[in-house]
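Presented below are the structures under discussion, each in the form of structure tokens.
Next come two complexes built around chain A: one with chain B, the other with chain C.
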Partner chain A sequence: MRPYLLTAPALALFAAIVLIPLGMTFVLSFNDFSTVKGIQPVFILKNWHELFTDEYFREMFGRTLRISVLVTIICAAIGAPEAYILNRMSPRWRGIFLFVILGPLLISVVARTLGWALLFGGETGVVNKALMKLGVIDSALPFMFTETGVVVALAHVLVPFMVLSVWAALQRLDPQIENAATSLGASHLTVLTRVVMPQVMPGILSGAIVVFALAASAFATPAIIGGRRLKVAATLAYDEFLNTLNWPLGAAVAVLLLVALGTIILVSNRLVERKYAAVFE
Partner chain B sequence: MSFLVLDKLTKRFGEHLAVDALSLSVEKGEFVALLGPSGCGKTTTLQMIAGFVEATSGAVTLEGRDLLAVGPAQRGLGIVFQSYALFPHLTARENVAFGLEMQRVARSEREKRVAEALALVGLEKFADRHPRRMSGGQQQRVALARALVIKPRILLLDEPLSNLDAKLREEMQIELRQIQRTVGTTTILVTHDQAEAMALADRVVVMNAGRAEQIARPHEAYENPASPFVASFLGKTNTMQVDGKTVTVRPEKVRFVGLGLRLRGDDALSGKVVSRIFQGNHWLYRVETPAGVVTVIRQNDGQPGPEEGDEVGLAW
Partner chain C sequence: MNRNGPVALTFHTLFIVFMLAPILIVCVVAFTPEGFLSIPTTSWSLRWFRAIARYPEFVEAFWNSIVLGALSSAIAIALSLPAALAIARYRFRGREAITALFLSPLMIPHVVLGIAFLRFFTQAGFGGTFIGLVLAHIVIVFPFALRLVLASAVGMDRAIENAAVSLGATPFTVFRRVTLPLILPGVASGWMLAFIQSFDEVTMTIFIATPSATTLPVRMFLYIQDNIDPLVTSVSALVIAITVAFMVVLDRIYGLDRLLSGKGRD
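And then the complex of A and B:
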């Protein structure tokens, strides 16, 4: 009993700052709201009904899913080879490039996203201006308020998480294993696909889970690039809370996002663990 | 011409000369051990033969053909790595089959040869296990089967037993020697363990600072070491100044003799027992003499030997 008692302070803190607000948000999503009377503390399913029937919300959540999946795929495609190359570098260069990869994490997401806006933001964006001057393009590349823009900016922000995850998996690789495969007659490509890839797959998948979760719940990047014209679930909840002041609906959006994300992560994590249980323990 | 010939093989890493003009001829079916302390260039030599490290100069020919011109994937050598480097995502059977798949051996023959290789190392029952679920000794056998199944022209063993505990290592030494005799594959072993090298190899190459100090049969190198380094590396040795001459003699060659004998010449000394340690099958003595402290190994023949503090005569 004593050891459990010792966890009480931490447990109390966790309950106070996570569980109670979460519970209150959950309860709030069943309340009613009208512009005249404000929040009504009653139990109705209006918000949830709206969420599941209104085409508008389906579009928002569909876009969130689409963006997150694309960002995850792009991060895996860029991050995994990046980690492999990083792992093969001499220690000195590896240190430098690890810093280059992780350095951006030290800069605020807002600043990094605004950088993209400065480069591609309409007619005044630096890259757009330069390309137009050079005559490569006639009009500014559409970037702001587009899904492409949000995907590119999010992938940029999240790729370090994929690199770290794959790199951790690569470090568990036996340094002689590629030589072993080569000595048995395997070509470079075969070594990569038959020996290296299967072993770093858990790293790629767990990196993908992290990236997917962060992309689906990202707020700053979609808020800046997508703005209010191109909303995702997180910016939608924010708008309902702070602009429409419809807290119950905002709460329903937030809870749905949380539940959907939680389910996806739990299920995929379970699948990954089961698939690789025999090999990696 | 010999089966495998290393001709003035040299590897330089920047300023550091890792392997210095090493020449060696290996006959078909022979078991040769490259023996030396860490950093002596033995592993670099092996990696040059395997093709993982490029030689700075010199040549390696296998059956008269230049081996260095061939890529590591085409050399057809079987290698057992110190860490075994098994594929953890494949079962023992799949690990062994990998090399045959690369050679595009037909399925039926592949299955037959994999089963034979697993039987050779006594692992038929563990064919469907993953490496992580196997003991160190079993992993070692999988690595050996994986290297042998491709019928390699040479088998290269890189410290294959160093990750096993002492008892298992001894068992594996006997088994390894037996397997090598059975399949008759020319084998090159890299090790820092002189007992292992002497137990397994037909010939040992004692290496120091990138150079081969002696290439000889184990018994020959032990009895007639070509240099003080070889003498000290292959077991214990006493180096003494007797009558102005340097004498080296193995501890087990020194006998206790009665003090009454005339102790003169360069093959006898008198001294006092400083310490004596019982090690089961032998006693380890340290005897203080005018020529320095002499280590003596006396077989435990059941008779009580001199005790600490006794005045003794030594002869060899």
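And then the complex of A and C:
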């Protein structure tokens, strides 16, 4: 009885404030809406039909998926090597840089995205000026209100999760194995691809799942960098709720996002765990 | 023993620049003496920091955020203490499911939670109130509070508790004089991490906030949607400064990597 009594207060709160509201949202997604009568408590599939058939929603979910996949790939491509480099540093420097890389996770997303808006556009378009000075590009690239801009800013917001995940995997790595490979005549590249990579792969994959899930449900960054026209799932749901006031349709978008993400996370978690069962033992 | 070659160090430098650039530019632009967005080159000025005081909506939202963060984190810690002790010490039916439920706010997209809270609070009759904000924030910071309290509860040496009991201490005395002091670092860190999460939250809060009950990040977001000027950069610079101060303390008493990966002392 004791453990149930101890968890009861928190459990009551979660039942009342999480489970019931989620259930109500699910029901709401089947309700009808008209601008004249408001929300009609009837059971219809109108919103769901609209979501799956309307070209507008397909484009929007397609964009959300595209952005999330790109962000995940970029985070893996830059976050994993960075974690490896960190791991080879002296403890002193490692501590400092770990703080610099993980610290931004705690800084407001709005403030960080504002930073990208300043770097990308307006009178302080530093990124374009720097790229042109280096001769990488001839004319200014559009970053604000484009998917490119959203992807860069989101990669910045989420890459610490990848570093953290790969870092945790590297901690479990026995440095003697690397030394053994080197002493047996393996080149540095061979050690990296044949010894280190296979062992940190679970870390990269679990980091990728976290980054993908957060990118697909990101709100503030796509809203600020993407502007009002470049809609993703989260900003669309926001619009339906607070501008169009079509709550049932907004609820359907939210439920679809939740179900789609939940399925993707569960399936990929299962796949990763099965493939690397030995590592998680 | 730095074993990184020149290529690795170049990559590392670029990575650090990438991580810091957007944060630094906000802090630099905030000191501009001009009336428009610019990087101060010749002189620095505090005019935009002073200007914040003339915008009561920012000042009010700031205090709201502080009270909301402190209150919801304190309640979340109070609820997670018994829950963490139960999960750490007992094997009971539904233990896994209950833990998963408590951690679920980490997995559920905040936009979905925002919608669910908005619908529920509106129906329940306290939509747009401060109480609604507190309840919603307790839920979203709960996993952070629970993880840190749980980590220290699991790592605790229970022999000391047994010693206290055998010396005749009542269960409450054992909790107050032995258990609580031992898990205090986890509890304090949990509260601070929860506070920061509440203080930064925007995606969920924007659904349930109203002009009369709102938070600083929501105000900043809505302001940025209309226009970006030096005022919002100075507000952001202040937010960054406050967060960094919290971060330094947390790093000292707990370690940022351990804190964020949610791993315990052992």
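Just so it is clear, the second predicted complex is superposed on the first by the 254 of 281 C-alpha atoms of A that agree within 3 Å, B and C clash if a C-alpha of one lies under 4 Å from a C-alpha of the other, contacts with A are read in each partner's own complex, and residues count from 1 in each chain.
The working rule: contacts are C-beta pairs under 8 Å (C-beta built on N, C-alpha and C of every residue); 3 or more make two chains touch, one makes a residue touch a chain.
Note that the structure is predicted; figures quoted are calculated from it, not measured.
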Based on the superposed arrangement around chain A, label chain B with chain C as either clash or fit. fit
If you stack the two complexes on chain A, which partner ends up touching A:Trp48: first (chain B), second (chain C), both, or neither? neither
Draw lines from the C-alpha centre of chain A to the C-alpha centres of chain B and chain C: what angle do they form, to the nearest 10°? 80
Looking at the overlay, what does A:Val195 touch: chain B (first), chain C (second), both, or neither? first
What is the contact status of A:Ala180 with respect to chain B (first) and chain C (second): first, second, both, or neither? first
Which one hits more chain A residues, chain B or chain C? C
Of the two partner chains, chain B (first) and chain C (second), which one does A:Trp247 touch, if any: first, second, both, or neither? second
Counting only touches as set out at the top, which of chain B and chain C does A:Phe145 meet: first, second, both, neither? neither
CA minimum distance (chain B, chain C), superposed complexes, angstrom: 11
Across the two complexes, what residues of chain A are contacted by chain B and by chain C? none
Touch list for chain A against partner chain C, complex: 2-7, 9-11, 13-14, 17-22, 24-25, 28, 78, 81-82, 85-86, 88-90, 93, 97-119, 122-124, 126, 153, 156, 159-160, 164, 167-168, 213, 216-220, 223-224, 233-234, 237-238, 241-242, 247, 250-251, 254-255, 257-258, 261-262, 265
The chain B residues in contact with chain A across the complex are 50-52, 72-79, 81-89, 98-99, 102-103, 130, 132-133, 146, 150
Considering the complex alone, what residue numbers of chain C touch chain A? 1-4, 8-9, 11-12, 15-16, 18-26, 29, 36-39, 79-80, 82-83, 85-87, 89-90, 92, 95, 98, 101-102, 104-105, 107-113, 115-120, 123, 135-136, 138-139, 142, 196, 199-200, 202-203, 206-207, 217, 220-221, 224-225, 228, 232-233, 236-237, 239-240, 243-244, 246-247, 251, 256-257, 260-261, 263
Can you tell me which positions in chain A touch chain B when the two form their complex? 174-177, 179-187, 190, 194-195, 198-199, 278-281
